[in-house]
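Chain lettering (A, B and C) follows the sequence in which the chains are written, and residue indices restart at 1 in each chain.
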Amino acid sequence: MIEVLGRRPALTLSVCVALFLLISVLPVNDYVLHILTLSLIFAMFASGWNLTLGILGLKTLGHHAFFAIGAYLSAIVAFYGGVSPWLTIWAGAALAALAGLLIGLPILRIRSMPHVAIVTLAFAEIVRLIFSNLKDITRGELGFWGIPPFDPVSFGETTIRFGLGNAWGSYVLAGAFFFAVQAGLLLLLRSRPGMTFAAIRDSEAAAESLGINLSTWKLAAFALSAGIVGLSGAIYAHYVMILTPTSVAGPEMLITLLAIIIVGGAGRFFGPLYGALLLTGSLELLREFGEYRMLLYGALVIGFVFAAPHGIAGLRIGRLRRRDRRGTRERSSAA
Amino acid sequence: MLRLEGIDVHYGATQVLWSVDMHVAQGEIVAIMGPNGSGKSTVLKAAMGLKAPSGGRVRLDGREMQSAPATERPRHGMAIVLERRRLFPRMSVHENIVLGAYARPARETRGSLDWVLGLLPDLRDHLDATAGKLSGGQQQMVAIARGLMARPRVLLMDEPFLGLSPAMVRTVSAIMRTINDEGVAILFNEQNAKLSFALSHRGYLLESGRVILSGSGQEMLDHPEVKRVYLGVREEAVR
Amino acid sequence: MTASLFLEMVINGLISGSIYALVGSGIALVYGTTRVLNFAHGELLMIAGYLVLFFAVTLGWNVILASVVTLALVGGIGAAIQRVTIAPLLAREDWAFRVIAATIGLSILLQSGAQIVWGEQFRTLPYFFDGVVSLGGLRMPVQRLSILVIALALMGLCALVLYRTGLGRIVRATAQDAEAALAVGIPAGLVHTSVFAISAVLAGAGAILLSPILTVNPWMGVSFLLKGFAVVILGGLGSFGGAVAAGFLLGLIEAASVTVLPTEWRDVVAFTFLIAVIWVRPNGLFAGREA
């Protein structure tokens, strides 16, 4: 588990929270807050995906489907039903988790990476097309606009407002959700379920021989992962307040998130946060070179796969492990 | 002729062979014996280059083999019959056998095929059969034939008797002697001590990745350690 | 439905199916032999589309010459992708996912590269063949029918190479048992590079056949990649013949769906069919008939 969580995960998480709070009281400009908000939302998406991709070792490629489901369902219920987004986001997350169960059932019985990868990708395409084709409800590629932001919250005198244009409130909200999810995941991974996940990833056969019901565990992890991604999608919808099927479930979303995970470190607990901050943040600076952005993402993914397969979060641990191994070999050849 | 010197092999961080020394001289049949997991197969794979050793060297007629990948070694006179035959299951017996000569010049193929079918005449009737549909014994014949097509001077055989009926074990042993009479040295592994040492000129006893004994077949059979561990408690030790 | 409408549906299904078969059989060949899923396979199609446009339209070459040169170049590009991006990853831990990630990265890189080089202009090639065939009240442009005929001929040629040549023999041997192939001295690198080249040529041929009836654009490979993957799973992973059969089946299913549902639901039907099959037969429709 050290490999996944790093040496002192709770401490690292506390430092991240402290930094997050510090930024919230500093006079930071709205544009920077906007980028940080997006980073936090994508970091949440990535940590949900990371649960299956890295930590459980299931190579799913269609999690943008759950992001889209969470985003659209929450937006539709809030827009047409007039329900507060504070409630609808949970419906979005729940439907995403349910979709995770639905798609998880057929693929998890198969221990074949290509099947998992292709079927999840095909599922994402189905979801994108459905939202694109249900024009009466979603307006298709024209864009579903007018999605309500989260209702304002009042503390005595002060009222916090959310949604695009209310940078500070949105930043705090995204951070609160992100860190709540991270804390929950950390608790989960350090408990018995965490050990079970690790056992499954290291050896399915061995885990099974210990009496672990593989399908149930994988399915539960898959649904949880889909639910977290769905929640991030719902928060995204009420932040940007406009959705198109391609922007939330298209190939660009896949490559952006894949880049975040690979650059941050697949299977590392803090990988998604590092990756999201680095990519959403620093590459936003390159916005004027819009058409080169995807080129750069592609190059970054290839570069990291070759040079630093465990991403930023794995850099230090990787070096330590290599030294360890060299140490044992020297010792053994001396013996 | 074939010499392994101080071979170390790691699987990941686990070391499975510790400084293994072995040699096979011209015309010899040499057995590697040892319990399950002692590293017998790994020795053969390391010799063939299918598993890269982390230390030590493999020499063939004094020539260093480390830099030669597995695909080069048949050219230098080595061939391996892998554990559980490992035929190309959806190809015909003929295709399987001919592929054994892949590393040799094409003009030799005809002659090699005649030589091999001369040694294993039963195969003539099955040349068009699908390899995967043959019985275990027949598959072992095809696997041996495929190995011989490389015209090896030393043939490595990984568990050649695994899963064969007693009658088939006798047949395969006889074939191994015939091959040996043709001047092909054989290095093979087998768990059954009596079988191994009766068939071989010399043998090695491997335990936990180390050579703990070596000697002629009869010497090994008479050795108290072998008697105690492998013959005395035969029921537990053998399969 | 009248007989001629039904015939039209079947022929249209077979025509689009033949492209899926071309793309899918290439992916299946690569997967069956090397266990690699190449997510940049669709971009080979796209590159071939631009190349044939360049030779046939910009340079004004004869279509056959342009096609042959395009196929040779695309085959070379396929081989280069294997050598440069895939082969170095194979020896490392967790290589299967790394190859997927690296080829997804490459796919995006090539798409945006094409967008920067050629822009977003959507272009088509003029028809190679003029004329219309009448089939019992049904009129079909020769151009469209030629897709089916040429695709079938190419896949037949490919099967001939696989089952009747020395190269085919070592490809099949590697597909059936990679370690045994290594042990008899078959160079895995050569086999891997060859199957990538062959699969690239198949995808390139698909692009050339499509270029007069579809627009060539940087993203044209994406949907064909997904369809190709679907075909490979339906046909039983790694089975060349299975992929060809599944390609035609998928084409027919799509053609049938268009007669009852609006066109924009076609791909939903296709991918739902894939997932439904996975529910019932995880190993594909034609499992157990590998190369």
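Note that a contact is a pair of C-beta atoms (placed from the backbone, for glycine too) under 8 Å apart; a residue touches a chain by one contact, two chains touch by 3 or more.
Small disclaimer: the values here were computed from a predicted structure and weren't measured.
When C-beta pairs in contact are tallied for each pair of chains, A-C comes out on top.
With centres computed from CA atoms alone, C is the chain lying nearest the middle of all the protein shown. A straight line joining the Cα centres of chain A and chain B is 52 Å long. Rounded to a whole number, the gap between the C-alpha centres of chain B and chain C is 43 angstrom.
Centroids of chain A and chain C (each the mean of its C-alpha atoms) stand 32 Å apart. In chain A, no position touches at least two other chains. Those residues of chain A whose C-beta lies close enough to touch chain C in the complex are 59, 61, 103, 105-107, 109-110, 112-115, 117-119, 121-123, 125-126, 129-130, 132-133, 251, 254-255, 258-259, 262, 266, 291-295, 297-302, 305-306, 309.
Per the touch definition, chain B reaches chain C in the complex via residues 48, 50, 70-75, 79-80, 82, 86-91, 95, 99-100, 102-103, 146, 149-150. Within the complex formed with chain A, the residues of chain C that make contact are 31, 37, 85, 88-89, 92, 94, 96-98, 100-102, 104-113, 115-116, 222, 226, 229-230, 232-233, 237, 262, 264-265, 267-268, 271-272, 274-275, 278-279, 282.
Residues 169-170, 172-173, 176-177, 179-188, 290-291 of chain C touch chain B in their complex.
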